Every structure is written in C-alpha cells, then in structure tokens.
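Paired with subunit B in one complex and with subunit C in the other, subunit A is shared by the two complexes that follow.
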Partner chain A sequence: MKSEKNKEALNLIEKAVQDHNAKELNQGIDEAFLQRIPANEIRQSLFQGLELSRKKLFTPEAPLPQFLLSLEVLHQGLKRLSSAEGIGKSGGIPLVIGVVEGDPHDLGKNIISRIYAASGYEVYDLGTQVPVDAFISSVKEKRAKVLALSSMISTTMAQMPEIIKRVKAESPDTVIMVGGAPLDINLAKSFGADGYAESAVTVLEETEAAMERVSAKEKW
Partner chain B sequence: MSLGGIIDSLRKGHLPPLGLIPDPVLDFLAGLASFRGRRFELSTIERLLATMRHKEPDHIPCAPLVGGAYRQLTGASFRDFSIDANVAIEAGLLGLEVIGGDVLLLGLDLTVEASDFGQATIYPENSTAHPDYSKPLIKDHTDYRKLKRIEIKSAPRMQKVIEMSKGALKEKGLSSVFVPVVSSPLSVLAMMRGAEQVFKDCVLYPAEVMAAMETVTSVLIDYINALCDTGLIIIAPDMLFASKSGLGKELWEKMEGPFGREIAEVVHRRNCLVAIHNCGDGPCFDSMIRLMEPEAISFACLPDDCRDRKELKKKYGDQTTLIGNVETALLYRGSPEQVMEECRRVIDDFAEGGGFILAPGCEYPPNANLLNAIILVQAARIYG
Partner chain C sequence: MIVKPQLGAELISELHKNALSTLGYQNRIAPGKDIEKILSESIDWVAQSSNARGMYLAEKVAGINKKEIITETGVIRSPRFARLAGLCKGKRSVVFMIATIGDEWKRGLGTDASVLRQLLFDTAASEAVELVAGLVERQWRAEVESKGLKASLRFSPGYCDWDLKQQSVIFNALDARNIGVELTKYYLMIPEKTVSAVAVIAQDVPAPAPCAFCRKDCVWRKMSYQSKR
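What follows is the complex of A and B.
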C-alpha cells in the first residue's frame, strides 16, 4: 500500500515537470514528504520528468517554450528539496559553463546549464560575456572536469580557439565542449574542442562521448 | 495592369513593383528571359524574374546576404556601419561591385526596430550591435501592454534604413535588387525582453504578448510602407520564431502567425514581393506559406517536415522560390574549394526547373573572409 502511494507521488512529480505544472509538483512533493520518500528518489523523479521532455524537445509534444517552463518547474522542485531538512546539494562532476566575451545571448547557455545541473554535474555558471581569464581561473579553481563554451555570434566565437588553447595548456584533462548557432562539428574540431553539441537534445550524450574520448586519449 | 504606376517607377529610376504587372505578362517576360539566357548573359533583373517565375535563367542567381561583412571593404567599424547609413550604403554598393551577386541586403543590424522603441542598445567596435540586456525595456509581463506606438518619422534607426534604400535605388535602382530585412514582431519583443522570457511569456501570458505584438506590428507596417515608398520591390520579414527551434508550429500559428499574415498582406497590397527569412532549425514552411503566401523563403535548415533537400524541393519548390542554404559555418572556416563543392551540391539539389537562388543560410558571417562570398557568386555562375 505504501509502495503504491510512493509510486503515485513520484509519478505525479515526474509528470508535473513534463507538464510544467507547478501546482501538481507541489502536491507531489507534499505527498512524497508525507510518505517519507528519500530525497534522492524524489530528485530522480524530477530529473526523469525533465529527461522525458528533453528527449522530445523540438517536437510538437515538447516545443522550446514548454521545455523552458519544465526547466523552471524542475528548479522549483529542487529548491524545495534543498531547503528541506537534511537534503543538501548533491555535488557531481564539476563543470564550468559560460558565454564568451562580447556575447550577451544566454538562452542556449541557460538551457544547457540547467540540463547539466539536472544530470549529475555540479555546474558553475559564469554567465555571459565572460573574459578569457575568468574561464581559465574558474576551471583551475573548481577543478572542472568539463568546460562548456557558448557563442551565438560569429564575431565572438572567434575567441574560442584561444580559450581552448589556454585551458588545455593548464588543465589538459578538462573536457571542452562548444556549442552555439554559428558553430558546427567541423568548426568545433578546428578550434581544438573535445566535443560539440548541436542542441539540448544531444548535449548529454555528446559530453559523455567526449569524456570517454579524452579519458581514452582517443582522437576525435 | 497599372501602366501609370509602371511608368512612374521607371521615371523615378527604379523597377516597378511586380504586382503591377499581370501574371501572364510576367510569365511571358520570364519565358523570354529564359530563352535569351540560353545564348546570352542576362541582367540581374531578367535572371531574378525568370527564377521567381520558375523558369531556368542563364545561371541561377546568387544572394550572398552580406551585411556587416561589407564594412571590411571600406575599413569601417561595426559601430560606424550600424549608426551611419552613408557608411553602410557605401560599403554595400562597393560590395556589389567587388563581390557581385544579384541581391543586396539592406540593413544595419538586428536591433534597428527595438532600439527605435527605446531599447538601450550597445554598439561594439568589433562586433555586431545588441540590446543591453541589463536594461530590458519590457521588465515583466505587465510591461507588454505599456509598450507605446512610435511614429516612423521620429524613429532614427528605421529612418537610416529608409535613407539607405533611397541611396541604393538612386545609384542602381534599375540594375540591382535591394532587399531590406524587417524583424518580426516577436523578434522585436525578444530584443526588449530577452528571448527566454518571451518564449515563456507566450505560454504563460499570451494575451499580454499579443497586445504588444499588435503595437509592434502597427509600427512595422508603417515601416514597410515607408520602405515601399522608396521604390523597393521585395521586403524580407525575418520570421525566426516560425521554426522547431522557435515557438514550434502550433504556438507560432496561434501567436505570431496572424501578425505575419498582416505584414505579408501589406507588402502584397503594395504590389511588392514577400521573401521570408528564417534561419531557425526546422522552419515551418507549410505554416508560413499558408499564412503569408511568400514569393520566396530564405532558409538555413531543412523544414520540420522534410528529411532532405530533394524532398524539400519536391514538396515546396513549386509553391515558392527557395533561397539558401549554404552553411555559414562553412563560409567562416571552409577553404574556397570546400565552399565551391558545397555550392555545387546545393545547386544540384535545388536548381532544376528554376525557383532557386543560391545564398548562405543566414547573413554572411560579418567577420569572415570575403573570399568565400566571391566563391558563392562564382559557384552560381559555374554550376547554376
């Protein structure tokens, strides 16, 4: 009986994220707390809801505006979990993300940042218009395993090779992912990046593949 | 046929709007150009006419879509290009001479309309202008309804594009085709509110967003009328949000589609042509065609309902003229040989039977070497 109620609460949370329904999310979390469901199980349901939306992103079932709202609902859920007694930040793979200097566009970066945060990464989001030195120092300070660089305009994208070169010189094992409208996989390779993500739909898989390549010292 | 209107346009030194000429006459002229093109080199006008009436010209036209990159020819900064219409038109006309191509894009940058509404804008020396997102004009959803209509006469940046148009037509009104890009209502709002918020507001506060779009559209209509008054024959509304990576089909049709239709109707009423630009991922060709009846669509990516270029040509090639879709990333990084080869592939897939203009998928990268723009133009001549 208890297990049935637990399942119902977790399903409600998962569905609330998918449907970007804050009211149902709160009901689900209230019920989960009542049933004393462990925080990691609640968190899993939150992430699972987002994951199901992410896989359908850009389809009629999950257009971008609805997906953005799902991300917002997910964060409301995570916030409630974090503020609940005994439930702190989960940690994860340290990752630094930011938009290169001169570029104020943050939509793509924000989406990717939240997807990473919901998928086992400890995200340090440096925001937009980040100077080269700030990327270098953050990667060192946070011992980042991954650096994700974004640029939406070709003029600012031109800084990426310099950032990649300097990060690789100081932290050769940091995996560097790049993304943004003016880029493609060939450009990413020519810049010296370890991986390229075309969109939020593929970013996790591409990052994992890049981490495996770097760890195995395989050429991309 | 409005003979008076045609004569008036020619007397003023620019082409008459094609809508003044009945379809059978246009088809006859296009057929004649196509026939002539088998033996002789056509003028830009003949080539475009044949192409847009889906007849095969001497070779396919090319629209290199160079905007800010032309400033490399005169040494102007991005800032000067954005704020001084004379600098922009001087660079553009020089570009037309040096690089060639059949269409010259008229525009300063993407912030023109929003900055006239009062959005704070930053003009960097070495990059394209952008809104100051720390000072959004629309701070929350209640601000949408507070957006005030502006008068075109007192809108300095739109006036600069109008000046550009007059200058361009004065120099080459009868020999070249100039096309201004006009932002869509949602694109203008995204500059004032931030794209992420606009996306979310379309779901959470659709009535408020629609109210602001109504205000913006009324100004855009005045802007389009003023551009048509200068003698332009094609207007290019930028409909980025009508794509899979934008609002998605259903929401776009509900939110921005009606305003897109209104804008297209105005252009058509002025007897001008609508050439939609949409560089989004998975553009909704079917929705845009149904609502806006564009004579041409410029695109970067395959439509949301096509698997490859051949399917796109088969499905939409007879409904509109296709403009595209050489990857801008390739133009930025590719060697001339690689660009030439990609142009050949694109031409092979799209050119047969007319109705195709070779172009980049989006504006030519403003800091890319202009050599690949020349390659684009040459590829159209060689393979088209």
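What follows is the complex of A and C.
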C-alpha cells in the first residue's frame, strides 16, 4: 500500500515537471514528504520529468519555450527539496561555461547552463566576453571536468582554438565542448575540441559521449 | 538620410505573429497562457521602449569584377553579390543601410530573469529590429521606385560568401554614430539589435538575391529552386 502511494507521488512529480505544472508539483512533493520518500528518489523523478520534456524537443510538437517552462518547474522542485534537506546546492560534475571575449550574446549559453545545472553538473558560469586567461584559471581552480565554450559570431569564434590549446596544456583531462551559431562538427574537430553540441536538444548526449571518448582515450 | 520609424499598432500584431513563428509555434501548436503572458509583456515592452532609428545612403558603383563591387567608399568582396550586380542593367548604385532599436528593451528583463523570459524578450527584440529594418528599406525603396529604378533584396555581411569583417564597408559609407550604433573590433554591432545591409539599384535587376546562383539548401535561402529556373 505504501509503495503504491510512493509510486503515485513520484509519478505526479514526474508528470508535473513534464507538463510544467507548478501546482501539481507542490502536491506531489507534499505527498512525497508525507510518505517519507527519500530525497534522492524525489530528485530522480524531477529529472525524469525534465528528461521526458527535453526528449519532446526532438519532435515538432514541443517548441523550446515549453521545455524552458519544465526547466523552471524543476528548479522550483529542487529548491523545495534543498530547503527540506537543509542543504545548499548538491555537488556534481564540475563544469565551467562561458562566452568568448568580444561576444556579448548570453541567451544560448544561459539555456545550456541551466540544462547542465538541472542535470547534475556543478556549473560555474563565467558569463559573456570572457578573456582566455579567465577560462584557464577557472578550469584549474574549479578542477573542471568539462569546459563549455560558446560563440555566436565567426569573428569571436576564432579565439576558440587558442583557448582549447591552452586549456589542454594546463588541464589535459578537461573535456572541452563547443557550441554556437557559426560552428559545426567539422569546425569543432579542427579546433581541437572534444565535442560539439548543435543545440539544447543534444547537449547532454554529446557531452556524455565526449566524456566517454576522452576517458577511453578514443579519437573523435 | 536618417529616419525614425515608428512601431505602430498595426506592426505590433505582426511582431506577435513573427515572434510566435520564430519560437516554433506553427498553426497546430498553441503556446499556452504562461508563455502568451510573458510574450505579450515582452512585445509591449519592446515596442514601447524601442528607440528605432535608421539611416541609408546610395553610392554609385565605380566598378564590378568577378569577385567584388567597387563603390566610392569601399569594396564589397562577395563574388556572388558581384555576380548579381553584374547581371543588372543600366547604371548601378549600391544602397547602404543600418537600422537599430537601441538597448532599452533589455531593461524590461529585470534582474534574475528566467531563461524563458530572456528567450521571449530576445525574440521580441530580434523581430522588432527586423520590422524596423523593413520600414527603413520601405523608405529607400520608395525613392528608388519613384525614379523608375529597381533594387535587389537586402544582403548583409555574414550572408552567403560575404565575410562578416566586411561590416566595415557599410560603416565606412555611413556614420552610424549618428544613430547610436558602433562597430566593435570583432565586427559586432552595438546595440546588439541592429541590422546592416546593402542592395543593388539599377534599371533592371534580373536576380533579386544571390540565391539565384546557389543550390545550397540553407535556412537563409530567400528564393526557392523553382523560382530561379
């Protein structure tokens, strides 16, 4: 009986995130607390709901704003969970993200940053117009497992090979992802990056694949 | 010529329609009330706060070869656009234009805006500057047509084979500081929501865009394969 109620509460949480329904999310979390469901199981349902919403981006039925609504509902859930646990943000894979120097476009980077943060990464967002040295010192200081670089114009994108070269020299195990409007997979490879994500739809799969390749020392 | 276009009421509904389409809401998908609410707020704010300005200037073409168009103030290095200009009939000139909505729209975001809010405001601002560019274009096009001439479609640095660094050609022709626009060392226009372009003017313009000579199926394509045959 208890397990049935637990399942119902967790399903409600998952569906609430997927349907971006904050009211139902609160009901689900209230019920989950009442049933003393462990926080990690609640968190798992929150992420599962987001994942289902993100998968819809592969279809024409769910434009990006619908997914961003789910992302916001997920954050509300995580916030409630963290205050109930009496802790701040949980740790995860350290990831540094930023837009290269000279480029003020932050929207794409902000979306990707939120997706990483909602998916178990510990995100250090350096913002826009980040100088090369700031990327390198931040990667070292945070012991970043992943560095995500963004550029929205071809003239600022030209700095990426230099950033990648210097980060690889200082922190060879850091996985470097690149993205932005002027890039494609061939450019990313020629720059020496470990991975390329075309959009919010594929960024998690591409990052995981790049981490596996680097870990196995496989060629991209 | 400096112009101050107005984003009037009739353009607000166009802005709304264009923004929804850009965000991926086609006929069978509705955005829902949460998204509609923020989108309407962003459109109202962008329309009210926009400091829409534009400028344009026509210069005679001094020469055309396979790779470039030479004007009084600079050289447009785009083989495809040069080919388009080469096909034109009669005396040719190039119109340079810049349009902006300024940076005020960003204040509407407030602090700690969610990424959804950022996306909707950014989309509204991008669509607004496109409409403003359209209004500036309408003005110079009316002058062109009143002289019995024709003009190609707008062509911007970064399109097709025209290098983004060639923004400097447009900024050499126009003193954009007069409308509050600057070019950075990375050839990025500030304010961000600014559009720059050129077009060829002549007695006859057989190909409106370089897409006529291109078979690449890119998202920026302005002419179908059908129409160029």
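One rule holds in what follows: the second predicted complex is superposed on the first by the 212 of 220 C-alpha atoms of A that agree within 3 Å, B and C clash if a C-alpha of one lies under 4 Å from a C-alpha of the other, contacts with A are read in each partner's own complex, and residues count from 1 in each chain.
By definition in this document, a residue touches a chain if its C-beta (ideal position, glycine included) is under 8 Å from a C-beta of that chain, and two chains touch if they have at least 3 such contacts.
All values reported here derive from a predicted model rather than from experimental measurement.
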Checklist entry - Clash or fit: what happens to subunit B and subunit C when subunit A is overlaid? => result clash
Checklist entry - Looking at the overlay, what does A:Leu69 touch: subunit B (first), subunit C (second), both, or neither? => result both
Item to check | Touching partner for A:Pro38 - first (subunit B), second (subunit C), both, neither | outcome: neither
Checklist entry - Given the touch rule stated above, what does A:Arg114 touch, subunit B (first), subunit C (second), both, or neither? => result second
Checklist entry - Looking at the overlay, does A:Ser154 come into contact with subunit B only (first), subunit C only (second), both, or neither? => result both
Next on the checklist: One more residue to check, A:Leu183. First (subunit B), second (subunit C), both or neither?
Outcome noted: first
Checklist entry - Which partner, subunit B or subunit C, touches the larger number of subunit A residues? => result B
Checklist entry - When the two structures are overlaid on chain A, which partner does A:Pro104 contact: first (subunit B), second (subunit C), both, or neither? => result both
Item to check | Residues of subunit A contacting subunit B in one complex and subunit C in the other | outcome: 20, 60, 63-66, 68-69, 72, 102-107, 110, 153-156
Checklist outcome for this item: The subunit A residues in contact with subunit C across the complex are 20, 60-61, 63-66, 68-69, 71-72, 102-107, 110-111, 114, 153-156
Checklist entry - Where on subunit B is subunit A touching in the complex? => result 78, 122, 124, 126-128, 130-133, 194-196, 199-200, 202-204, 244-251, 281-282, 327-330, 332-333, 365-368
Item to check | Residue ranges of subunit A in contact with subunit B within the complex | outcome: 20, 58-60, 63-66, 68-69, 72, 102-107, 110, 128, 153-156, 158, 182-184, 186-187, 190, 199
Checklist entry - Which positions of subunit C touch subunit A when the two form their complex? => result 23-26, 29, 31-32, 34-35, 114-116, 118-120, 122, 158, 164-165, 184-188, 190, 192
